[in-house]
Each structure stands twice: as C-alpha cells, then as structure tokens.
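For reference, the structure is listed below as structure tokens.
Letters are used for the chains, namely A, B and C, taken in the order the chains are written, and counting of residues starts over at 1 for each.
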C-alpha cells in the first residue's frame, strides 16, 4: 500500500501510466456522453409541464453533481501536499481549481437556461442551490487567483492547499446557511425543481449515464492538464528530456 | 523583579504580543481611524443612493450595517501581519519558543480591539440614523460583538496567506468575502427577526457556534499560513 | 562540491548536525548532499557568492523554510520532534532585522527579547547601552539610521539565552567600531560554550572559525 502510494507520487510513473490509459478513457468518455446525449435528445419524452426544456436538466444535474466533488478532491490533494509534500497532488489540485470553476459556471449557466423557461427568470435568489453554487464558484476563483498571485511554485502549492482545505469546510457551512436563509425568506419560485420536473425512469437513466460521462470527462481533462503540468515542471528532468528527444 | 533568564511562560508571551500590537496601533492611529471612517461613510451613502424614506431604510438597515462592517473589517485586516512581515518581526514571532496558536490569537485579539470593537460601539448610532427600530439595537450590538471577532479570525487566514504578495490588489477581498457569508446571513437574520418582534436567540447561538469554531481552528490555520508565507 | 575546512577544537557534544541536506529552489539545485556539524564553542562562517543559497541554508537550519531533503539533528534529535525547545535555544538574525520603526528601541526589545526570556527594563537599557544606543532608547526607530536599527536587533544577542546564534549578514551596515565589537561578542559567545553560524563576506578576525563555502561547482 505504502509502496504504491509513494510510486503514485512520482510524476514519471503517473505520466507513463496515463499514456497507456488515456486512449481508453477518451473512448469511454465519448461513448458514454454520446449515448447519454442521444438518449436525452431523441428518446426522452417531453415533460408535461416544461416540454423539451427538461432535457437540459440531464446535463445540468450531471455537471452540478460533479462540480460538488471539486472541493473535497482539492482538500484531499491539499492534505497530501501539506503532509507528504507530494508534488503530483499539487499538480492535480492546480488544475482542479480552474476546472472546478468552469464546472460551477456551466452549472450556473445550464441552471439559468432551464430556469428561464420553467421559472420565467434567468436568475432566482430563492433557489438555495443556485446561490450556494454561486459562492462555490467565487471560492474556487479565489483559489485560482491566489495561485496566480504567488510566484513561487512551492509556496503557491502549500498556500492553495491550505485555502482548499479551509474552503472545503466553508462550502459546507455556506451551503447549510444559505439553505436556512432561503427557508426563512419564503421561496417564491413558481415551479420548484422537484415538482414539475421530468423524473420518469428514462430521465434518470439518461442522467445517470450523463453523470458517469461527466466524471469520465473530468478525469480525462484532469489527467491531460496534469500531464501538461508535469512536463512543464519537470522539464529539466532527465526522463522528460529523453522522451522529447525520442519524439523528435 | 522578574525572574530573569527564565523562559517566559506562554501567557506572558501572549500578553507581550498583545501589548505590543496595541501600542503599535495607538502610535499608528490611521490604521484604526481610516477603516472606521470608511464604515461610517459607506453607511451614510446608502440613504443618498436608495431613499431617505424611513420605511425603506428600516428594511435595509441591518444589511447595510453588516455589509459596511464586512468591508471595513477587510480593509483594516490588511495591516494585521504586513508590517511584521516587512520588518522581519514575523520571523521572530515564528521562531519564538511558544505555541504559535496563542501568539496569533493575541495579534487577532489586539486587532479586533482596535478595529472591531469601535464598530460595535458605534453601531447603535448608525442604526438610529438608518431608522432601525430601537428594540433591535441590543440584538444588532450582540450580533456584531459575536460576528466581528469571527470575521477577524477568518480574515486572518487570508491575510496570512497573502502577506508575502508584493501587489495584493483585491485578492484579499476575493478570498475573504465568500468566507464571510455564514456570518453575514446569521447576523442579518438575527437583527431582522428582532426588528419584526421575533426571537433571535437561535441565530445568536449559531453565530456563537461559528465564533467557537473559528476561535479553535482559525488561529491554527493562520499560523500554518504564516509559516507558508514566510518560508 | 562543498568543502569544509575544520579548524576547531570540540568543546562539547555536537550541537547541530546536518546530514545530506539538499535544496532545490526555483528549479535550481542550490546545494546537495551538504553535511556538517556545529559544535559548542565554534563559529561557522558560511561563505559563497551571491545567490549561492546562504540565506536559504540559514532559514532551513532555523526551521523557517521546510523545502529541503535531508536531516537536521539538534542535540541528537531531529529538530521536527523538538521544535519548541530548539526555538528556545536559537537566536535568528535575518536580513529583515525585526525592528518595528514606529516603536522605540526599548519597546522593540521588550517584545523581541522578551519572547525568549523574562527581561526587565534595566537589562534592556544595559543591552542598548552596550551596543552604543544610549540616549536613543526613547526615540522612534524611524528616526534612527539603518546601522542603528541593526544595532537594536543585535542588542538581542546580549539578552538571549540561546546557545546557537544564526546570523545572516550581521555586519553589513555597521561602522568599523561596531564591527569589531560584534566580532568580540561572537568570540565571547563561542568561548562561553555557545555556537555561531554566520554568513558574511567580511573577513572574520577571530580564532576558531571554520568555513563552509557554498556553490563551489
């Protein structure tokens, strides 16, 4: 176990392993997302209240669910960075923050597109999920901007690790306090998400597939960007030089 | 005479740090006065921008005061570790033979005494100007009394993380403001509840829980952040 | 790569031992496989050109910087395990001297020396007088010159109970007399069983100085 853990920390090992696995992951991602999209667009029956708009929920729910994984992921990576000084963990965390900000943004965007039809408004403060997602977005941007402000790679790694751990705790507190705040300011949304939405079995199968697909996509993008980061940070390492020489 | 040559107790190191920071604050009054003036001025701008009508002001009073508190706290936080970082005192602090938790706590308390406490004391006056019902003054002061130290403690982490940055710009705000959402929510809810005659004890308890949580965790995190920034 | 010329007489057990220290900064190897021992009663001068990692080394030794591989042993145990007792027995003087400009020398020392040992004002005044700051005790430090501010910080040497002094360029802004006086202080500390690690480009004219030169490639 420990040997495996130590090995995983080696950027070179990760790079070589990911070279083998990446093509399969990409194929799987394309297949799963493709199937889910085709299903959602062609076979999902229109919702009796929302019509075809409910189809965007397949993407929205999947991305929203996935974007909740970022802070825990970054907190775990941050702990590994701080405790075991493992560089690979930070390379993953660095890209996770930016990717997480994008995921949160897409969640907000798809949410408001859906809301524009179902609620008749693009933004609704009375939906606590949107509000806490907005603040998660801000927090992730905070991590990204701290990273870009600190020049020293090592210092940036540790500072962002710490901020991610604190942020992870805070996201939970924010989520509950926003929910609380929301129940007190009586929600005035015309249609709540649950009541009118398409939750037939077809919808849930498509969504489950899409969630799997988005997670696969997340892994592929994380692996790709981590590989990039490895090459950049290890550019002076012998194995990188040899590999580049071999490719020429 | 003190027992000379003996390593001072952590308590006396705590008091020394507290006294030193208070002394610096009193000698550099701008750092205290400016954030406070900012707080008062921001609040005075709201009636001009929104409406002089009493009813509308009553409605927004709690929120306006709390947002002004947040912003002025953030402005004043910036000086918390900056001077010590620049002149090297931070290294002496980090290398002292005492748990950093208490020294950071001492600095946070000193900072709150000169920046948070004046705001708490002045709040009824500003609440009066914003036509907050007088029944809510006590609740407002209580929420600020519990909330501003929480803000200081949480803000201290972000200040510690950014203290080494040459050009900070607004990064401190970008990091800290989202963190203060829970305090803002419970602080304003408590005041609004009391303004409409409802009990506010529940929110105060939650605010106290936030204070207790940040009192035990934030100084540790700030200490770790300082070590990172100084390395 | 790194050479050390031993010219010391061991006065006691090794105080600080460094084994296989490596440090990489900004993708540049500052030093690798650095090993040396500092014994009680010795002065170790760290030499090396600008950017050779002298300051980084000192900060690593003090525990301010943890970006290294290798072991630092303090009185036979790892410094990680006994951070607090190590800190109580260590005095660090850095590039930033740790003097707040708005406070007076007396107020500065009351805190910076008081963190390590109990002090009273008489002790502080004596220390300030010894570094030639008599009459300046109550002036805010921004009215003092750079050299005088440095002396405020160096007054800590006379107050500190620490065995190991780690001094980063302590001679830079001092005048000739103050330089001679500081050298005397360092020699006295070594003679009384303390140890000094100092970086300086200055030629130290005292007995029993060992030299460690960094960055000789």
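General remarks:
Here is the rule we go by: a residue touches a chain if its C-beta (ideal position, glycine included) is under 8 Å from a C-beta of that chain, and two chains touch if they have at least 3 such contacts.
Being a predicted model, the structure only gives us computed values, none of them experimental.
If you take subunit A and subunit C together, the chains in touch with both are B.
Of the two chain pairs examined here, A-B and B-C, the one linked by more C-beta pairs in contact is B-C. Closest chain to the protein centre (all Cα atoms averaged), using per-chain Cα means: B. Each chain's centre was taken as the mean of its CA atoms, and the one lying most distant from subunit C is A. Centre-to-centre, using mean CA coordinates, subunit A is 48 Å away from subunit C. One simple way to say how far apart two chains are is to compare their mean CA positions; for subunit A and subunit B this gives 33 Å.
For the pair subunit B and subunit C, the distance between mean C-alpha positions equals 36 Å. Residue positions 154 of subunit A are each in touch with at least two other chains. Annotation for subunit B: residues touching 2 or more other chains are 231. The set of subunit C residues touching two or more other chains comprises 67.
Residues 82, 135, 138-139, 141-142, 145-146, 149-150, 154-155, 158-159, 162-163, 166-167, 170, 173-174, 177-178, 180-181, 184 of subunit A touch subunit B in their complex. Only residues 59, 62-67, 84-85, 87-88, 90, 92, 94-103, 107, 110-112, 114-120, 123, 140, 161 of subunit C touch subunit B when the two sit together in their complex.
Those residues of subunit B whose C-beta lies close enough to touch subunit C in the complex are 1-8, 12-13, 16-17, 19-20, 23-24, 27-28, 83-84, 86-89, 91-99, 227, 230-231. Per the touch definition, subunit B reaches subunit A in the complex via residues 157-158, 161-162, 164-165, 168, 171, 174-175, 177-179, 181-182, 185-186, 189, 206, 210, 221, 224-225, 228-229, 231.
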